[in-house]
């Protein structure tokens, strides 16, 4: 197990380099000159472009730039084009919001998916199952931003019950759950809507499979008490893998965070990535993609470790 | 025995169960029959067909030119000359939605094609040749899977400029890994089967084996995953339009009509609602068809 | 779960939700939360509008001008000018920075030398009128000889020539504490501590800066004009318009910009007052003068006549705004109230085009010598530009000009398209009129040496002459006449076709009272120190 973990951790390194290399390639190939972007329009005629470029280190050969950027990134010295602060600072400021939102979305999804899947599997094609299916369809066919704005319209504009912007009351610091929970309700719902159908479907078929096993049928025919015990056993065994699936859903949540953070004015990683791309802030684009990639890879690792923990018989070659 | 009707050997390969729960009717008659007898799948297929027809006819069906502003009829509620109302420039929403169907469905379908082709290519090569080829291709797949898709999509479109072509390519090229993995598993399973060894013994080239013998068996897996991709692609375009990186105005797409209408949710709900309804129906249709295909080929297949 | 415990739980949840539902905006009566669409990225060396709004709150300058163009002293108590118009003797009033230290002439000289530093990226061009400034900027002198510290409360400015806009362009620079900016490495301006924790002499102190989230300002008790009534102001970043409206109605924010379509429904709102602020944004489109079809002034005038500006204003902005004819903001003394601009006259437009040799072909598109009148209209990607482009396309088509519209995304627009040598045919953009007074803006766009003018290839010797003359005289009446001529020439020669200048609609919760006379977006932010809570 330990050896497996070490091997997987080492495998992270080439993955992150792969991601950053692809991103760097995009930046290099992109048309347009980011330097022009950083100079206010009135100054463009007179500004010393060569000096700007030199300051930003963009007149060095490409491989040198890549290596330099990477080493600067990982030592936290890579500076954003826009405000010249180390990119890692801004990412560090944005990360808690994104992580909190992601964690609560995963928790909510798990908490909702399991009972729904349970009832659906126990009574397939019943009322709950059908509504769950319809609800799933809604979840995967509605644009998230539309859904988010509808929620804001209902709960903020009409009912005044929930705040629609920010992660915490203005002027407060920290992320104390008692204080910020109200700000998370709607964003979490929107995020969960996107991944709940996937989880419910997976959990449902996993349960259905388990329930159709021979030993369950045998237990059924034997009587109520035995059935109850086996039921619990089945539930536990087939639902545990579902929990590890949650970790695999993180990439979808990260993708969704881009839009959710914009609608709800959450100062998270998604919004940082978008504004960096739109303003040609190359170092920030590189940093946000690398961090997001790292998060994805770590969550995959956690999912795999979860599998391994649950089923030591799995051999990995 | 005499009472039992003479029936052909079941093509599905599964013996009828002796008792207990009866399998869905028609299980003996093959995938197509099963599909057609599934009401939800059939409904989905009809809706798909309707959308494709509308998209093909597109602009000819539109009562007004989609770009024509009617300055006196800004944000009119549905009714009268405007069955779906008008938007903030007085443009007829129905006309725009009709014309938009073409590009939205095109993006959905073509990006799916891109992802399927790439996925099949990678998965087949990896599964068939194994060894180093497999290793390298799977590493590449891992890298693409590790990339946070939306982040890369946004970066790509922001840096290179959004266009319908680029949308199709980037959505397609970030979506192939799951397909590649599925195909690889299938190919791995198939290549060691007897019939493959037999064909190889006749001296057929690798390419021939792949194309004539392996791919046809992989098709069901591909098709199911493909239909699910289309819906996702349409939704992705909507999200990108929200950020200003989707189909660029004035060309309408369902996504950008919804995005444009989002400021008027309280004042003029119809602008976002009708294209949203189309997205919902289209995605639902593709998903129903996908589910139906899955049930038709193997009701117990988990994808 | 039994029915009773379920009910208790439900009641508890409702109570918690209800208790927490108290509007966050009013929870501290003494603060105002203002929603804003973008936060500054940097405080020093930035050309963004939002940075200038923040600077209005935390900084103060020597002088300003009022709506009639008369000088107003801010940190300067007395500011007489010598008869030859080249020497200004500025005496400072008793004032202190937010860290308690008094404002002295040393601070004045240090601040100007920072803005004129060779490596300072956004040196205002007007500062080069100061004697010795050009040398200092070029690195040829160790200090600016034209700025002399006479005593700790008096500074003398000597100019190269009798530049008429000292009070509004030179005297309006923020004064910063010399000690705090002494340590700044100007070549790495953005990395200095000062840009994140600025100290100024303005009514508010920057207390807390959350990147991409909010900036909190606290009233500076030592402000010479008296501490502002509201002890705390928060600028909160909310990118989505619909969210601003929802938060405003719910009372979670106290002020926010709303879309014109929502104006009427907010007029009926019992708790929110709507304020129409004359916008600072002038929308226009311009031809590329290097294209032969646009070189005939009659063609350009026809374009200007073909645009139905009142209809654009009504359709896009619910009539909230004004048509734009003059490139000068109406709140400025240079604005010519009597300027006669273009009405909507497509018939006259067609006449002019016919005179220029363009006649309608069989499909209605104008033709001349076998050539069709076809052009590409590229506009900066954005909702306003896009909507306007679609209407403009219709108007031009109605007089026979076939125009294709295309959105050009920001990076591409400023990097490639709207640059000298860029592939412009017709370009749609706007000014944001940050640089009050308008001289610099006018020069940039209409003087042949200006970068905007060079981009579209505009060059008119008469315009150059007028613009040069306008800064050679200090006689306000003469200047007014010159600016009137400049505005008239813009109308006649059509380097730009101006279209509309929409209002910015602010929703402000009625518990806040705003002073009157807010006649521009800049003035709106500048009025914040005078807001009171009822």
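In this document, chain identifiers A, B and C correspond to the written order of the chains, with residue numbering beginning at 1 in each.
Heads up, the rule we're going with is that a residue touches a chain if its C-beta (ideal position, glycine included) is under 8 Å from a C-beta of that chain, and two chains touch if they have at least 3 such contacts.
Values in this document were obtained by computation on a predicted structure and should not be read as measured data.
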Pair of chains joined by more contacts [C-beta pairs], A-C or B-C: A-C
Chain closest to the middle [Cα centroid of all protein chains]: A
Inter-centroid spacing, subunit B versus subunit A (mean Cα positions, whole Å): 23
Gap in Å, rounded to a whole number, between the CA centres of subunit C and subunit B: 47
Between subunit C and subunit A, distance of the C-alpha-averaged centres to the nearest whole Å: 38
Per-residue overlap in subunit B, given as positions that touch at least 2 other chains: 158-159, 161, 262, 265-266
Subunit C residues counted as touching two or more neighbouring chains: 242, 245, 411-412
Subunit A, residues touching no fewer than two other chains: 31-32, 149, 153, 157, 262, 278, 280
Complex interface listing, subunit A residues touching subunit C: 31-34, 36-37, 39-45, 47, 55, 79, 82-85, 90, 93-94, 149, 152-153, 156-157, 160-167, 169-171, 182, 262-265, 267, 271-272, 275, 278-280
Subunit C residues within the subunit A interface of the complex: 17, 20-21, 23-24, 27, 31, 33, 35, 41-42, 46-48, 121-122, 187-191, 195-196, 208, 210-214, 216, 232, 234, 236-240, 242-247, 249-253, 410-412, 414-416, 419-420, 435, 440, 444, 451, 454
Residues on subunit B engaged by subunit C in the complex (per definition of touch): 67-69, 71, 74-75, 88-90, 158-159, 161-162, 244, 248-250, 260, 262-268
Contact footprint of subunit B on subunit A as seen in their complex: 14-16, 18-19, 22-23, 26-27, 29-32, 137-138, 140-146, 149-150, 153, 157, 205, 209, 251, 254-256, 258-259, 262, 270, 273-274, 277-278, 280, 285, 288-289, 292-293, 295-297, 300
Contact footprint of subunit A on subunit B as seen in their complex: 139-140, 142-143, 145-152, 154-156, 158-161, 231-232, 235, 238-239, 242-243, 255, 258-259, 262, 265-266, 272, 276, 279-280, 282-284, 287, 302
